[in-house]
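Each of the two complexes below includes chain A, the first together with chain B, the second together with chain C.
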Partner chain A sequence: MVHGKNHLLIVMTGLALFLLGAPALFSDFYVDLVTKMMIFGIALLGYDIIAGYTGLVSLGHAMFLGLGGYCAAFTMKAFSTNLFPLLGVALVCALIVGFIVGYFSIQTKGIFFVFLTLAFAQFFYLAAFNLTTITGGDNGITLPKVTIGIPNLWETVVPRPQGFYYLALGFLVLAYLLCRRVISSPFGKLLVAIRENEERVGFLGFNARWLKIKAFMISAFLGVTAGVLFATYQDFVSPGMLHWTLSGDFIMMSILGGMGTLVGPVLGGAILLYVGDLLSSLTENWMIFIGSFFVLTILFAPQGILGLLYKMKGK
Partner chain B sequence: MEIHFSTILTSLLHGLILGMVLVIVAGGLTIIFGMLDVLNFAHGSLYMLGGYLGFTLATVTGSFWLALILAPIIVGFIGFLIEFFTLRPLYGRPPLHHLLLTFGISLIIQNAIKFIWGNDIYTVSIPSFLSGPTRFLGISYPTYHLFVLFFSLGIAILIWLLISKTRYGVAVRAGTEDIETLEANGIDSRKLFTAVFVIGTALAAIAGAAIAPMRTVYPQMGIDIIIDAFIVVVIGGLGSIRGAVLGALLLGQAVQFGAVFLTGFADAAIYIVMAAILLLKPSGLVAETE
Partner chain C sequence: MLLQVHNLNKSFGRLAVLSDVSFEVREGELKSIIGPNGAGKTTLFNVITGRIPLDSGQILFRGQDVTGAKPFVLSRMGMARSFQINNFFPNLSTLDNIQLAIQSRLKTGTSSWRHFTKGDGVEEKSLEVLDWIGLGEHRGELAINLSYGDQRKLEIGLALGTDPSLLLLDEPTSGMSRYESRSMIDLIEKLSRRVTIILIEHDIELVMKVSHSVLVVHYGQKIAEGTPQEIERNGEVQRVYLGGL
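Let's look at the complex of A and B:
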């Protein structure tokens, strides 16, 4: 085991060094792509807490990405372009919305949970789409350039793509450490216990319902963080960020990478974004390749790509 | 807004037709889920394929009726290939695996359709004796829409007879409850699974081909129907056919009256109905699986 841990440490250090140095080595195109991968990674980490560890697969995670995006847009319009107030406002919204949606959604389980979260997410999508006077409808909202620093003292526009790359990397590392901590805490163990046998957790005297709501709120928290970063990086937010197809992508990315492993979904997201980007630039018929990719993965590597890697290592 | 009897009647009819079409699409989805425990995401794409094939076959053969029969047969055969080669190895796996698989298949089918037919929208012409409006009860209503209503009603009755009156139906109903006992009674569940999947996909294609003259065939038609169909299956109670019929008819009316009364938020109506049902009855309208 000790050996395995050292091994992991070496891999992680190598990866960290690589990610830190990457912008100097690769073209802006790749820096941009990896930035997007990392922002998605933050949302996928949050998604893994609820879907992978707690076993509640939601089809509404885009709701939080979009919530973060629109919070950023409204806050920028109202008082500040500084990233930290944007995040502050979005996180407060995430906790409120996460609590309310979580409270109702966790009354159901399995596929019913999938569709109840879809219903809530669609309310947000339809609101963003139809309340054109506030949200601009389908045209979305163009944002001013986001800044960091201390207002009125030292403030600067985040340079791109490099500056944003490091910003996203920092947030991804923080999100990963947060999730690791959550998962290895007693609370995290209880989430896994809920996934395996919820009744028994209740018998042990824990309030499973409240634990599930908390897990949902954590996933909301990371979802809006990714949303704020994504919207400010693109300088744009539109109802597309709330659409169920994006929520579906989160499920696919997570299964592809391997649910309940934290690293897996981030990896799955990165692969899908890369493959999607590559294929759509090469051929118009990219869907046939992505589709076959899914079919082959589920037929031959059902534990996801991370599971496949472990299996190959084990042999 | 002044509401006339004729407005309400027209809305009711619109909603009813929408509901009946959903009964056929979601009915296929429901028997597949009830028997195989598979949420078939490719169902929308197969519905779409039914529409496109219907269009081409009607153009080539010159007969709408022949197209309406041939399209489901071809799609049923594709359903057979999907079941035999990809679903079979996956029975007993977590539902998410089926979802990823069928999602992949739906992308492949969508791409194939784009490859063959392009991004164009096609209008399917209505057989001459069904074109034009029919007048009754003070309203004038498109005859073809009425045909779709009775046609889907006929298909629904046919499925009902198949399930409740034949020995295949008994096997299917038994299989929904308990596969082991069914096998112990000497029925090959593998063949039964294949048959159910083929019939389910053929139903999607029938709906797609029948509705094509009403709504045209277009690249988004699969995506447009799949969520509605899933919602019907879910609020119906996952695998309950009675529940699905009830859910489909309810949703049809919700969409229609949403369009009349919730202008601008018409699409929200189905989600409101779904959220309300799932919050009040967390296992759907008719929980037969419990």
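Let's look at the complex of A and C:
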């Protein structure tokens, strides 16, 4: 037992050192890619709370990424380019939208939940696409450079790619610690119980509906955080960030890595982004390979890559 | 009176499953509900515990009108039930199953930030319940891997873990071997010294042995109620059970 813990500690320390030192060792191209992986990782952690732990597979999670992106854009236009007000505004929006969408969606199950979350996400997508005077429509909105620090005192533009890399890393670590705390809490145990048998959770005296809304809101919270970071990193937000195919990517990344384990989906996201990038530089038809890879995962490693690793370690 | 049920009616389509059922349960009592298959016994439990809505009637629990209340509200008031068909958390350990029931009574039971501390006694209380139902040795096993008889006990343990004042047991011995039933009977007798129980049961012998009072339903109607002795002598009950089956 102690041995196993030491082992994990070594792996974690190694990973931490690697991630901290990576920008000095690798080219800007990889620093940029890993930054994107980490930003996606934040959203995937949130998605795992709702899809992996609670068992509510949503096909609308891109709505929170996009919500974060547009919140950042509007806030920048209105009063500040500082990252923290951007996050503040986005988080308030996440709680409101998360509550409303959660409230209605979680009353349904299975395929109805899938389609209701999709419908909500499409609503936001179409709004962003059609309200051209506000959102710029398909052309999107170009953002000024994001800053950090204290306004009027010390404020600086986040340097790229290294500065943003560390920013994303910091947020990913915070998001991971937050999720781990939530998952191991009494509330987290109830989420798994809801996935297992929602009815009995009610008969034990818990308001399962409220618990699910809360899970949805936490998931939204992390989604917009990733959205703000992504938009400010790209200096750009467009309806693409709200598109259902991105929601589909979340599902694919989660399944690939292993739903219901916090590390799995983050790993799945990183792999898919890397492989996607690699293959798309080789062939136009790279989606065929990703698709085949996905089919193989479902057939032979339904618990995802992390599940497969655990299984191999167990033997 | 702990529970008062007045003129319950429930139909599925044109089929009346419960017609004007009324009865009362006093504190400390063990009341059994018997009746042939399809008599409406489980439906009666389902409407009392808020699993399905009733068409008309009134339910008072601890003097409060709880007609139409949701299961989680009733559970918080002290009403717990077990199910005829196992309804636990199959891929969690036996201990984790019970812990969920225990945590339902804690202030921090739904906290997403504060963890349980030693002072909460979650594990001690869970182990106590596990010992009560005789599953202490199986605490680490997944519920799905327990023997069927032990699963039936876990089913009761989940209800018991919420520290109820009224416990509704829906055919705890269903599907059990004769041998397993016997240990279940012992458990129910032990429980009845601690908590008020309403028991649905097919095994007439068991019912007559453990109950303080018996309610007989047939085609959704109450046809008799009384002590086990009274029920044994009741002509209509004999007709339903001996002539009807």
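Convention: the second predicted complex is superposed on the first by the 313 of 315 C-alpha atoms of A that agree within 3 Å, B and C clash if a C-alpha of one lies under 4 Å from a C-alpha of the other, contacts with A are read in each partner's own complex, and residues count from 1 in each chain.
We adopt the following convention: contacts are C-beta pairs under 8 Å (C-beta built on N, C-alpha and C of every residue); 3 or more make two chains touch, one makes a residue touch a chain.
Quantities reported herein were computed from a predicted structural model and do not represent experimental measurements.
Visitor: State whether A:L190 touches chain B only (first), chain C only (second), both chains, or neither.
Guide: After superposition on chain A, A:L190 lies in contact with chain C alone.
Visitor: Applying the touch criterion given at the start, work out whether A:V182 contacts chain B, chain C, both or neither, answering first, second, both or neither.
Guide: After superposition on chain A, A:V182 lies in contact with chain C alone.
Visitor: After superposing on the shared chain, does chain C or chain B touch more chain A residues?
Guide: Residues of chain A touched, chain B against chain C: more for B.
Visitor: Looking at A:L211, would you say it contacts chain B, chain C, both, or neither? Reply first, second, both or neither.
Guide: second
Visitor: After the superposition on A, what does A:R200 contact: first (chain B), second (chain C), both or neither?
Guide: second
Visitor: What part of chain A is in contact with chain B in the complex they form?
Guide: So the residues of chain A in touch with chain B come to 57, 104, 107-112, 115-116, 118-120, 122-123, 126, 130, 244-245, 248, 251-252, 255-256, 259, 284-288, 290-295, 297-299, 302.
Visitor: Show which residues of chain C lie in contact with chain A when the two form their complex.
Guide: Interface residues on chain C, with respect to chain A: 49, 51, 70-72, 75-76, 80-81, 87-92, 96, 99-101, 103-106, 108-116, 158-159, 161-162.
Visitor: Which residues, counting only chain B, touch chain A once they are in their complex?
Guide: Interface residues on the chain B side: 39, 86, 89-90, 93, 95-97, 99-101, 103-108, 110-112, 114-115, 223, 227, 230-231, 234, 238, 264-265, 267-268, 271-272, 274-275, 278-279, 282-284.
Visitor: Sort out for me which residues of chain A touch chain C in the complex.
Guide: Result: residues 181-182, 184-190, 192-193, 196-197, 199-208, 211, 214, 218 of chain A touch chain C.
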